[in-house]
Each structure stands twice: as structure tokens, then as C-alpha cells.
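Some structures are shown below for you to check.
Two complexes are shown next, each including chain A; its partner changes from chain B in the first to chain C in the second.
Take a look at the complex of A and B:
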């Protein structure tokens, strides 16, 4: 086990370094001269331009800049934006909003997705199953930003049940965006759970559990479900990437001051440091979550033991 | 020394009755032709491809013939989905939008399918350091969220020309790792089968074994992911265009129409819902097709 963890952590570090390098190289070529952008419409004063370039190390070769950036990341420093704001601090203020949004989205995915999947698998080809299948197909085909606009119109404006945008209403503000963001993968989770549980219910150990007189609830919850949830957990881990991407759009539509919104704005403005900073945080979250998922296997499936 | 007597007429090989041989792919085709969902998705796709090819046949008006005086007009005679802010016919514009959206979806699916398929197959088949290198590269690209990576790339292309090609490149650069992962695992599985041992035993070269045995046997999962991805990439194109960094006028695309309509959605929902319905129906058709193909390839999954 310790050996497995060590190699897995090393692999995660490699992915983190590689992914940030890719993004770093890409953003390095972002259009527009940041110095000129600061100076406005007139041509920048050469002395000023030089001072800025030296301050942000723009005059150094790319790899040296990247090394400096990595050194900063290790110390928790993501650099400064061109307007002098500290990126790590700015993201620190926003990460709470994005975290809450992600938590709501994940909760919806698990509650609705796994719930619908179980219902569907237990009542196969019944009314509930057909309903869930139609619902999941609709969920897969309707783009989530369209869901967002329709919900804003119906639930927010017409019915007035939930706030339309912003974060003034505390956790109520997160229900609708969380549902929208979660709807990205809820349908996949439901399908996956249904398929896995259906297969597990046919296994010998389930027949065994039933024949020794366990109740239906116990058979499903303790024997069948536990094994069928392993692929679901893996899927949710891999979906973290989609969740983070989706947050960029969801936060923009619902005007939530999170990291995704910062990212959308930074891409638009060509604000390199923020783009690299946000992607670094996102990749870090993705890598850590998937590391945890891999280690969780052993807990969920007693047959798996890491040597 | 007795002469060898050839036993003609005695050892006549037993006549094998000519029967219809059913290969794997014939069985797949047979299962496909029996599925009603296959016909449903095929019909939807034929209509959509028709729209992309000859939009004038389906549209009720010229999409560029706009009447500012009738901005945001509600649905009425002649305009099934009303008019947008510029006074253009929403239905006709949606019909004309099929070309860009379908084209990009198909192109990105093909590029990511070929690239991811090649990388995954090489990693799974050759193993060793090839696998280690390719798998690490795949993981690195997989860790960058697709939409983020694509939007960063698109901003890089900037105003200099965010056209169809740049959108295809941006989505492809970040879309292939998923295909590579799936192909790698199915190639790994095919490689360990007994028929590979048999092929090696009769002196089949490694390349021939790859082409004749591994590729046909691991094609199934690849086909499913490429088909399903078609719908996914069409959605991504619309998201990118919706963010305002994808396709630009005069190209008409559903994402861009949704982008233009979102500000006025509360007063006039039709200019947004119209293209959204076209988008959803197309994605639905591809998802159904992916499902049907999966069920046809693996009869166990459907029972």
C-alpha cells in the first residue's frame, strides 16, 4: 500500500507539472501586449514598459518564467495580475463561492442521479424506469445553459421561488445554479447506476444473500449497491473536470463571484496570470480528487488490495 | 519396396453444406436493423444532415433577409418561431445553423477519434515505455478541463480569425485523451485473448496481428465513444460560441443564436428556445445512435 501511494502521488505531481506547463505555454502566446493594455490608447513610455516587463519578468525566457511560477506555486504564490492584485488572495476569496456551488452540484448528482438509478434498476421496465429513462435522455440532450435560462425565467422570475442571480440570499442562491451545474452529469450517473445495479442484482452473491433470508432492502443496500457504486465514484471523480468547466458558464449566467467567473473574465481580458492561476487550482483539484478516488477503491471493494 | 497407393475415392472429404456464415459484423447489422430506436435516430439524423446540406429546402425564408421594424415579433403566419432582435426569421436561421454545428461536431469527432484511437492503440498494443510515455501525456491533457483549455486556445487565436477551423482545432486538442483512454483499455483486453497467442503461434507478424486481430476486436468501444462524442462536441461548440469566443457572423450557428438571444430572453424566449430545440434534437439523435450501436455490438448489455 505505501508503495502504491508513493507512485500514485509522484504520478499526480507529474500530471500537475505537465498540465500547468501546457497552459503556461499556451497563455504565453495570448494575443495583445499586456504592457500596451496598461498604457491605454497612447503608445507606452519605453521606460515604463521596461519597468513593467522587468517587474513581471516578461523579459525572461519562457522556461525561466515557468520555473519562477512553479517555485511560487510551491510557496502558495500565484503571482500578481497586471493591475497589481494578488492572484492567490483573489482566488482565495472566490474559492468559497465555487466550493459551495460544486458541493450543491455534487449533492444533486448523487441524490437525483443515484436515486433515480436505483429506482430504475429495481423497477426495471416498469413505469418508474420508463420515466427515468425519458428524463435522463432529456437531461443528456438539453444543453445545461438552456436549462439555466429556462429555470431563471420560470422558477426565478415567473414563480419567484428562488433568487434569479447573485449570492445575497445565502444558500438559497446556490440551489438553482447547483442544480443546473449538476444536471450536466446527473443523467450519466443515473444511467451508470442503473446499468451497474442491474448487473449486480444478477450476481451469485446477491442470490446467496437473498436465499439466506436477508430482507430486500439489506440485500440491495449492503450487497448489490456497494459493488455497483465503484464505477459511479470513478465517474464522479473524472467528471470533476467537466464540473469545473461548467462552473465557468454557470457562474457567469447566475452572476456568482466564483473562480469560474474570474476565469471567464480573465480569458476575455487576456489576463495571463489569472488564467494560469485558475487552471492551476482546477488541475490541482482534479488531480487530488482522482487520487482520493483511487485510494477509495480499497474501501469500497474489499477484493482490491494494493500491494 | 511397396509402392505407395494413393487412396483416391476412399478419403473423399466430407461435403460441407453451404450455409450462410454469419460474422460478428453481420450479426451487429442484423441487431441494428431490428431496433426501432435505430430508425428513429437515423431519421432524425437524415433530416439534420439534409438541413446542413441544402438548407434552402427546409427554410421558409432567407435567413439574411431581416426586417428591423418587426424586431422580436412573436410567432405568426410564415414565421413559426418568430423573429429575433434583428428581425430575422428564427426558424430559417436555425435551419441554416445546422451546417456549422453538424460540421464541427463531425469534424472534431473524426479528428479526436483518429488521434485518440491511434495514441490509445499504440499505448495498449506496444506497452512498455511507449505505453508509459503516451499514458502520461494523455493524463496531462485529461487533467486540463476541455472547455477551459479550448477557450484559452480560442482567445489565443483571438480576433485574427475565430473561424470554423480554429474551433475544430481548439476542441480537438483537448478532446482526444478520453478516446485514447478507452481505446487503450479495449486494445489491452483484445491483446490478452487466446486468438492473439494462436496468431503468434502460426507466425503472424506483429503488425498483421494488430491490423487483422486487435483493431477489429477493439473497435466496438471506440465506435460507441466516437458516436456519443458527436453530440457532446456539438454542445461544446454551442457553449464556446455562446461565450462569444467561437463562431462569429456571418456564420450562423445555434450557439451564437443563443448567445445573441440570451439578453432578451425574459421578453422574447423564442429566439433562444428555437435554436435550443434544434440543438437538443440533434444531440438526442446522436445519443440514441450511440446507445443503439452499443447495444448492437454487445448483446449482453441490452437484455
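Take a look at the complex of A and C:
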């Protein structure tokens, strides 16, 4: 087990280096000159441009800049924005907003997704099942930014139940964006749970459990559900990473000052350090969560052993 | 009453477990397809009944109906009764039915690998009902479970208790499944092809174990199998099934010495025997009948070496050819014996 974790951590380092290098090269290739963007409409003063380039090492070759960046990452330094803000510090503040958003989205997926899936599987072809199938189909088909605007208009403006945007109302502010962000995968989780549980209910060990004289609740909860939730847990784990990247749009729509919003703005401004910084954090989260999911997998299914 | 009932006195005397004229059909595109067409048999305390037949004859389905684990729909129980100590199980509401499972009638599944939950430890799985149904404490249940595991001859039961099913060999798994079915000391144990997935030597061990357990507890044992060898060694009586019906039933000695149905005879001929010169094994030609094809005659007539005109006209009913020996064949028992002897 320790060997397995060590090798996974080493793999993670490689992934991190590879992913950031790709982003580095891509942002370099982006059209537009960030120095010129700083100067606005007028042509930049050559002396000013020169100073900026020197300060941010933009005059160095790409690989040297990248090496500098990696050296910084090891020391917890993600560089500075062109306006002089420390990127690591800025993301440190924003990651809580994104984290809360992701937590709400994940909670919706677990409560609604898994719950609806179980209901659907137990009442197969019944009224509840049909209802769940219709809603999940809608959830999968409607683009989530459409859901977002409709909810903002109906729940936020017309009914006034929840804040339309911003973070001024504490956790209430996260309910609507969390639901929107999670909606797509909630539908998927419901379908996955339904399929897995339906299959598990046909297994011999479930019939055996029934024939032992256990109650239906015990048979489902103790014998069928545990096995059928293994793929669901895997999906939800990987989903954490997807929730962060999906947040780019959701945070923009709901004006949440999270990492996704910072990323969207930075791409727009050609603000390379921020883009690379956000991606670094995303990759880090993704890799760590992946590792945790794989370890959790071994806990849920004793047949899996890592050596 | 259906003529397929082997015993006229069935209604008066009470058997430990009795299946009477059981009919099950599946909903098909072209109307219901009958799968069980009036199955009747019974088992008493301390007795071993073997149910014999090829795949699709309805052996396992009968067991599923008894346990109440048949998926309805698509299946539908369209007639007949299952009586346990005189109580009709099919009419019972689910909670009462659940009480009977495990305590009244226990079941051992065919494939021990899939019958054990792969993500739960074997011991707690075996002893689960001791806690949920008998209300034993964790420690009491554990001690009793280890005892059960010893009873089914699982070595190092204490260590094995904590292991997962994938740590067990096929034979050990089947023992664990048997221990699980015996946890609540059922009156009747139904073993659905308990040795099919096992090596020949392990098969013998499992059969001996079942026999020993039955003698210890005096329970009724229903052994579902397609292996005539297994039947010969431990059964008291035999019911041979074909196309959703019992076609011959009687004590094992009679069935072996004087089979009164050409199908039984064919099955017997297909058993390899050490006391005969090795050669080609006899095989039964043809396929089992396609279910749902409505036919009026004997379903075995297509494969029967003795089929006559009458076999096409109507399906034979069970008749008592000798004391306690019933067969559903138009031809008289002696005719069958003579002709079959001449054949072989």
C-alpha cells in the first residue's frame, strides 16, 4: 500500500508538470500582447513596455520562464498578476467560494441524484420511475446556462425566494448556483444509480439475502445498495474535478468571486500567470481527488487490493 | 382436482412441505407461456427428495416459487398451492411469508460465488439473520456462526469468519452458503444444484455433508439436480421433471431398477458407470420442447423411442403403476420395461 501511494504521488507530479507545460505553451500562443493590453488604447511607451517585460521575465525564452514558474510552485509562489497582485493569495481567497459552490453541487447530486435513482429502481416502471426518467432526461438535455437564467428569473426575480447573484447572503447565495452546476450530473447520477441498483437487485446474493428472511429494507440497504454504489462513488469523485472547471461559467453567471470567474477574466485579459495558476490548482485538486477515489474504491470493494 | 396429483390422500394427510398442482406462466408477446404445468410433490421430515430433470424443466422455478423470490412479473403464478405444515404460503402476506423464509424453508443456491455478497465478510453474512431475526447480540451471533461454520466442516472457522468470499475455494464457499441457509435451523432445506459448479471430489463431499446435516437435524431435504449419481447416493424418493411437469415419481430404488417413463430410462442410460465397459455414453437425442408451443400430446413424444399414435393425441397423466410409483406415460409400465430392455 505505501508503495502504491508513493508511485501514485510520483505520477501526480508528472501529470502536474505536463498539464502546466501545455497551458504555458497555449497561453504563450494566445493572440494579443498583454503589455499592450495594460497600456490601453494608446501605443505603449517603449521604455514602459521594456520594464514590464523585464519585470515579468517576458523577454526570456519560454522554457526558462517555465522553469522559473516551476521553481515558484515548489515554494508556493504562483507569481504576480500584471497589476501586481499575488496570484497564490488571490486564489487562496477565491478557492473557498469555488469550494462551497462545488460542495453544494455535490450535495445536490448525492441527495437528489442517488435518492431519485434508488426510488426509480425500487419502483421500476412505476409512476415515480417515469417521473424520474422524464426529469433526468430534461436535466441531461437542457444546457445548464439556460437552467441558470430561468431560475434566476423565476426563483430570484419573480418569486424572490433566493438571491439572484453575488455572495452577500451567505449560504443562501450558493443554493441556486450549486443546483445549476450540479444539475447535469445529478441527472446522470440518478440514471447510474437506477441502472446499477436494478442490476444488483437481480443478483443471486440479493435473492439469497431475501430467502434468508431479511426485510426488504435490509436487503436493499445492506446487500444491494452497497455494491451498486461503487461506480456512483467513483463517478462522484471524478466529478469534483469537473465541478471546478464547470464553475467557470456558473460563477460568471451568478457573479461569484471564485476561481472560475478569475480564470474567465484572466483569459479575457491575457493574464497568463492567473490562468496558469488556476490550472495548476485544478490539476492538483483533480489528481488528489483521483487518488482518494482509488483508495476509497479498495475500501468499498474488498476484492480490490493495491500493491 | 387435476389428474397430475400423484396422491389422492394429499388433501387429508399433512406433509412438511407440499407443492400441489403448481402452475406458473410467463407473459409472452403471443399470450402467456406456461412454464410450470401442474407440478406436485411433497417432502416429509427426515426425508430426502431429489428433483431430477434437465435445464428448463422447471426445477429451480419451483424452488423460487416456494421461497417467494420469483420475479412476478414477468412470471405469474396462475394456480396451485405450496403448503408448509398445512399453511398455504402463496396466500400469505409478505411479512408472514418472510417469517417462513430461513426458518420454515431454507435455500442453498446453485452458484456459491454469486450467492455470497462479494463485499461482505463471510462470517457476518452467515450470521446476519441470527441478529436480525433472533435478536442475538453481536458476540452471541459470532459464537453461533463459528459453530455453524464448524458444523459444515469449514476448517479454521475462527479465521475464516473474517475473510471475504473471494478468499474461499469453491467447495468452502458452498459450505458457507449451506451454513447460511441452516442458520435458523429450517424445517426444510432446498438445495438447488448445490454441486454443479464444483469438482467431482468436492461434489461428493458436499453431498455427504448435506446428508449428514439432514440426519443430524431431521429436516426435510429437497435436492434439485440433474445428476443421477447424486440422487442414488442420498435420496429417498425421486421426482423426475420434464417440460414443467413431474413425469415420474417414486422411491429411489424403484426408479433405478424399474423406470416407468422412457425419459427416466434415457437419463439413467446417460449416466456413466464404472461397472460397464467404457464406450460411447448414451445421449438423449433431440432438444427439450420449446415452451409455449401449444401441443396436445405428450411433450416427450418427439424424443421418445416408443412414441405411438396415442402419444400425439393427448398428454398422459400420472398413474400409479405400482405401490408409490407413479408415471405419466400412456404405455403400461411392463410394456415400457419390456420394450426398453429389448432396446438396450
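Keep in mind that, in the parts below, the second predicted complex is superposed on the first by the 304 of 307 C-alpha atoms of A that agree within 3 Å, B and C clash if a C-alpha of one lies under 4 Å from a C-alpha of the other, contacts with A are read in each partner's own complex, and residues count from 1 in each chain.
As a working rule, contacts are C-beta pairs under 8 Å (C-beta built on N, C-alpha and C of every residue); 3 or more make two chains touch, one makes a residue touch a chain.
The model shown is predicted, which means the values in this text are computed figures rather than measured ones.
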| item | value |
| --- | --- |
| Side-by-side fit of chain B and chain C on chain A, or clash | fit |
| Partner chain(s) touched by A:209 [first = chain B, second = chain C, both, neither] | second |
| Touching partner for A:149 - first (chain B), second (chain C), both, neither | first |
| Partner chain in contact with A:226 - chain B first, chain C second, else both or neither | second |
| From chain A, separation angle of chain B and chain C (C-alpha centres, steps of 10 degrees) | 70 |
| Contacts of A:172 with chain B and chain C, given as first, second, both or neither | neither |
| Which of chain B and chain C A:286 touches, first, second, both or neither | first |
| Comparison of chain B and chain C by chain A residues contacted | B |
| Touched partner set for A:103, first chain B, second chain C, both or neither | neither |
| Chain C versus chain B - closest C-alpha approach in the superposed model, Å | 11 |
| Touching residues on chain A, where the partner in the complex is chain B | 11, 14-16, 18-19, 22-23, 26-27, 29-32, 137, 140-143, 145-146, 149-150, 152-153, 157, 195, 241-242, 244-246, 248-249, 252, 263-264, 267-268, 270, 275, 278-279, 282-283, 286-287 |
| Residues of chain B touching chain A in the complex | 136-137, 139-149, 151-153, 155-160, 231, 235, 238-239, 242-245, 258, 262, 265-266, 269, 272-273, 276, 279-281, 283-284, 287-288, 301 |
| Complex interface listing, chain C residues touching chain A | 67-69, 71, 94, 98-103, 106-107, 109, 111, 114-120, 128-129, 132-133, 164, 166, 177, 180-181, 183-184 |
| Complex interface listing, chain A residues touching chain C | 202-205, 207-216, 218, 222-223, 226-227, 300-303 |
